[in-house]
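Both of the next two complexes hold chain A, though its partner changes from chain B to chain C.
Let's look at the complex of A and B:
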């Protein structure tokens, strides 16, 4: 049983946490793709920027002595960081992407422009913060939550940190809120309409520019959320999210580009696949050593930790072979 | 004064013009039908009115106001509505959501208009929660027309509403178009089933090579031996 708890902590808990981060990141990517029809490569850097904005806010709050009991300050400032990052996202669109769209630029041009934005944002962050790592938990404690399992012979506990718990709750809230927005509100439906058939949305008199603005606001807000969650789980550094932008894109594509719920499913699928792939399965197989027809090696992971990233692409290839436009049948171009 | 008036409209997609001087004028009480051979500029005329291609010569006015090259987000609030021939529904959205999107520009209660459309096409009320992409061709055409009517237009433009439909649906769609007109909505449509459509047209326009060849009431055009011989297949 102890082995199963170990498995639960390392694969299920870690998978939920990683999946939440991927899911929230991938939703932003997929929304921007659905409305603007280009792969916004700089999404990862909007996440990183959201993380740094939250970090600055946290320092400000701590300097002013503002704190909320039981909540890490990183979470207290999250809503403000989301608003500020949304404003930055609108600025990036106005400054870089809108002028290109106005000239009828092709999606590939916008993609290249977004790589430029990536380099620029990363450069700016390095200019201000240097290339070192920062932690949200210099002065505050990261609380560990241990849940004992009431079974005989079980000594291990189910472990996760308080920020991880808050992360999963925030993801659930964000997903429910997004779902309500997209299915109940007039603007949310207009966003879906535009992702479905942009020409018909225009013919219907839908204010296309307004929909584009709302898309950036949501993408920016969610990027900040994913970035802060990632920074709270590990550390804050200038290439924080740049390193996970590829699995995030894989999650969005696996789910079906332009499909928000596909992106969420894709995020969790890839999150779980990664944690399962680097798990040392020997731990689970050892108790069965006598029954198995082969010797259990000392370590048996599907891939070494360094190759975690490749898992996303294996999933991507397998899913696309089975369903060429993703699980939820998204856009193909 | 005509509801919509095109005067010698010239335009295309950037290359050689497709429209070489189209004249059309219809009242709100009219059903105007544009017929003509393939490549005559029938659909292009509707797209030119709706700002979907560049008009380089002539003028278009709606209710006395110049609307040449105005974009759809300005035209829909003025009372123009357009049903494209293809890709004319939001396939991933429900029938009811399609109708709501048609009423996007309105701030008042959409329910009465929606009920009017459901009364006109009862099958849509039954399938209102179903994704439009799952419906048959004829039902999709009803959704497309319903969507266009949700903005309470004064002029409804339809691009080949009966294309690809079974005979049963062709009759139903054409009958409903007459009813929509009787409810006070001007109609301007392009039709491949020329004889059938001209039969109830109060204004008929025969286009060829981007120009008017014949203009008259529908029955007049049908009776004209030259029109019948060249454009209606004898």
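Let's look at the complex of A and C:
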């Protein structure tokens, strides 16, 4: 039983946490793709920026002595950071993408423009914060939650940290809210209509500019959420999201670009695949050593730990070969 | 002003810029900058034929450059007798056999429909075959890698051949990988292709970084030999240290420029020829080109491989020149995106533009570090006089400025010169 709990901690819990981050990031990517038809590479840097905005807000809150019992301040400031990042996302669109769209530039040009934005945002963040590592938990403590399992002979506990629990709950809330927004509200329906057929949506009187603005607000807010979650779970670094933007794109493509629910599924699929791939399966097989026909090696991971990030790309390549537009049929530009 | 006049003015300006920077930084520094920027020009030509001629979105340039670097390391580094005298080669041979056996198994399963296995059963068998092949290969390569890493300097060493052979092998290796990547990815359009290629270049990076037995990974390999005499060789014959660097680098520069000129001549000829016209037809409207009987996927694969060859050779040259192969130093920003900025700013589809962009952007990229350092020092002096204290960590902050500058340059270029400084000249007959 202890081995099963170990498996649960290392694969299921870690997979849910990683999957939530990927899912929240991938929804933003997929929404921008659905409405504006380009792969927004600067999404990762919007995440990093959200993380740093939250970090600054946390410092401000701590300086003013504001704190909420039981909750880390970094999490308390999340809604404000989301609003601020959404405003920045609107500004980025206005400053860099809207002029190109007005000129009738091809989606490919917008993609290249988003790389320019990536470089600028990353350069600015590094300029201000240096290239060091920052933590949300310098002054506060990261609480570890241990749940004992009421079974005989079980000594291990189910472990996760409080920020991890909070982020899974907020992911669930965000997903439900997004679902309600997209299926129930007029604006959400307009967004889905535009993702399906932009020209038809425009002639049937949908306010395209408003839909684009709402898309950026949602994408910015979710990017900030993903960035803060990632920063709360590990550390805050200027290149924090740059390494993770590629698995996020992989998640969005696996789920089918332009499909928000596909992106969530893709995010969790890749999150679980990564944690399961680097798990040492010997732990589970050892109790069965007498039954199995072969000797159990000392370590039996599907891939060595240093190849964790490549798992996402292998899945991506396999999905692209097997079903080129993703599991849930996505859009093509 | 015609495009010809404009490019003459731009190249003259670029020459003056290089001369000015050379005057400030000294001849030794500018010769280093020139060698590297011409190697980048070769890579930019590679991207220009992929993107400018063929409209292919390759974001995997970094992977091709790394392969070139690994190739030149393997070919030109001295032979490691400890490895060849041990069981290492035998174990690697077994791993290779295991790999081939795995591929044979997969191939056999793919043809299993001939004996009546179809549909879901065949899919299940294929997946099983891949898993078996993977674990059979791992069971052989893991002990071999651990064994090789435990003896002597911990890697296979090189072959001790001439570096130019290594550059050419870099091109061959890049071509081989590009063939596989192209077969997988080229059915995809734009955004999907971009992300698939970026993913594959990350896989290549992870492999080369962690296969310590082959590349020494983050332990780095040094020194890698030059095709021309090193500065130290000139110093041995009594040349002063400052002069020896300039002379040796100019010798290297001559070989690099020779490669660039040959590549430029070939791709320029190809552009005007029937092959180039067909490529532009595919780029501008692949559906129409396909309906005229052109095999679009095949031609795109061709151009993807040709471009990757130039990238592999350029990456190999850079590693050779720096004399160190460090797989940990490769970053998508410094390699993939930098080259994209070169081609976009210079002018996609025009080889003169690509070379111009490469030289200009590389110079900008390299000098924005000292320039921002200078500016920051001035600013820091001013703030400390104003009583706000000095700016902390000027050194590390200023070196991040070049990423920002690169972003600003590409944004301005897209906004005000979307077709580049020396745009493609589209000839219209009649």
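By definition in this document, the second predicted complex is superposed on the first by the 333 of 333 C-alpha atoms of A that agree within 3 Å, B and C clash if a C-alpha of one lies under 4 Å from a C-alpha of the other, contacts with A are read in each partner's own complex, and residues count from 1 in each chain.
Following the convention adopted for this analysis, a residue touches a chain if its C-beta (ideal position, glycine included) is under 8 Å from a C-beta of that chain, and two chains touch if they have at least 3 such contacts.
It should be emphasised that the depicted structure is a prediction, and the values quoted were computed from it without experimental measurement.
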May I ask you to decide whether A:307 touches chain B, chain C, both, or neither, giving the answer as first, second, both or neither? second
Return first, second, both or neither, reflecting whether A:208 touches chain B, chain C, both chains, or no partner chain. first
In the superposed arrangement, which partner chain does A:279 touch: chain B (first), chain C (second), both, or neither? neither
First (chain B), second (chain C), both or neither touched by A:199: first
Which holds for A:268: it touches chain B only (first), chain C only (second), both, or neither? neither
Which chain, chain B or chain C, is in touch with more residues of chain A? C
Identify the partner contact of A:52: answer first if only chain B is touched, second if only chain C is, both if each is, neither if none is. neither
Based on the superposed arrangement, let me know which partner A:107 touches: chain B (first), chain C (second), both, or neither? second
Per the contact definition in the header, classify A:22: touching chain B only (first), chain C only (second), both, or neither. neither
Going by the contact definition given at the top, which residues of chain A touch chain B in one complex and chain C in the other? none
Chain C partner contacts - residues on chain A that touch it in the complex: 33, 38-39, 96, 99-100, 103, 105, 107-109, 111-113, 115-124, 126-127, 130-131, 242, 246, 249-250, 253, 257, 304, 306-307, 309-310, 312-314, 316-317, 320-321, 324, 332-333
Residue ranges of chain C in contact with chain A within the complex: 57, 184-185, 187-192, 194-196, 198-200, 202-203, 206-207, 209-210, 332-333, 337, 340, 344, 393, 396-397, 400-408, 410-411, 414-415, 418
Touching chain A in the complex, chain B uses residues 50, 52, 71-73, 75-77, 82, 84, 87-93, 97, 100-102, 104-105, 147, 151
What residues on chain A touch chain B, complex-wise? 186, 189-190, 192-193, 196-197, 199-208
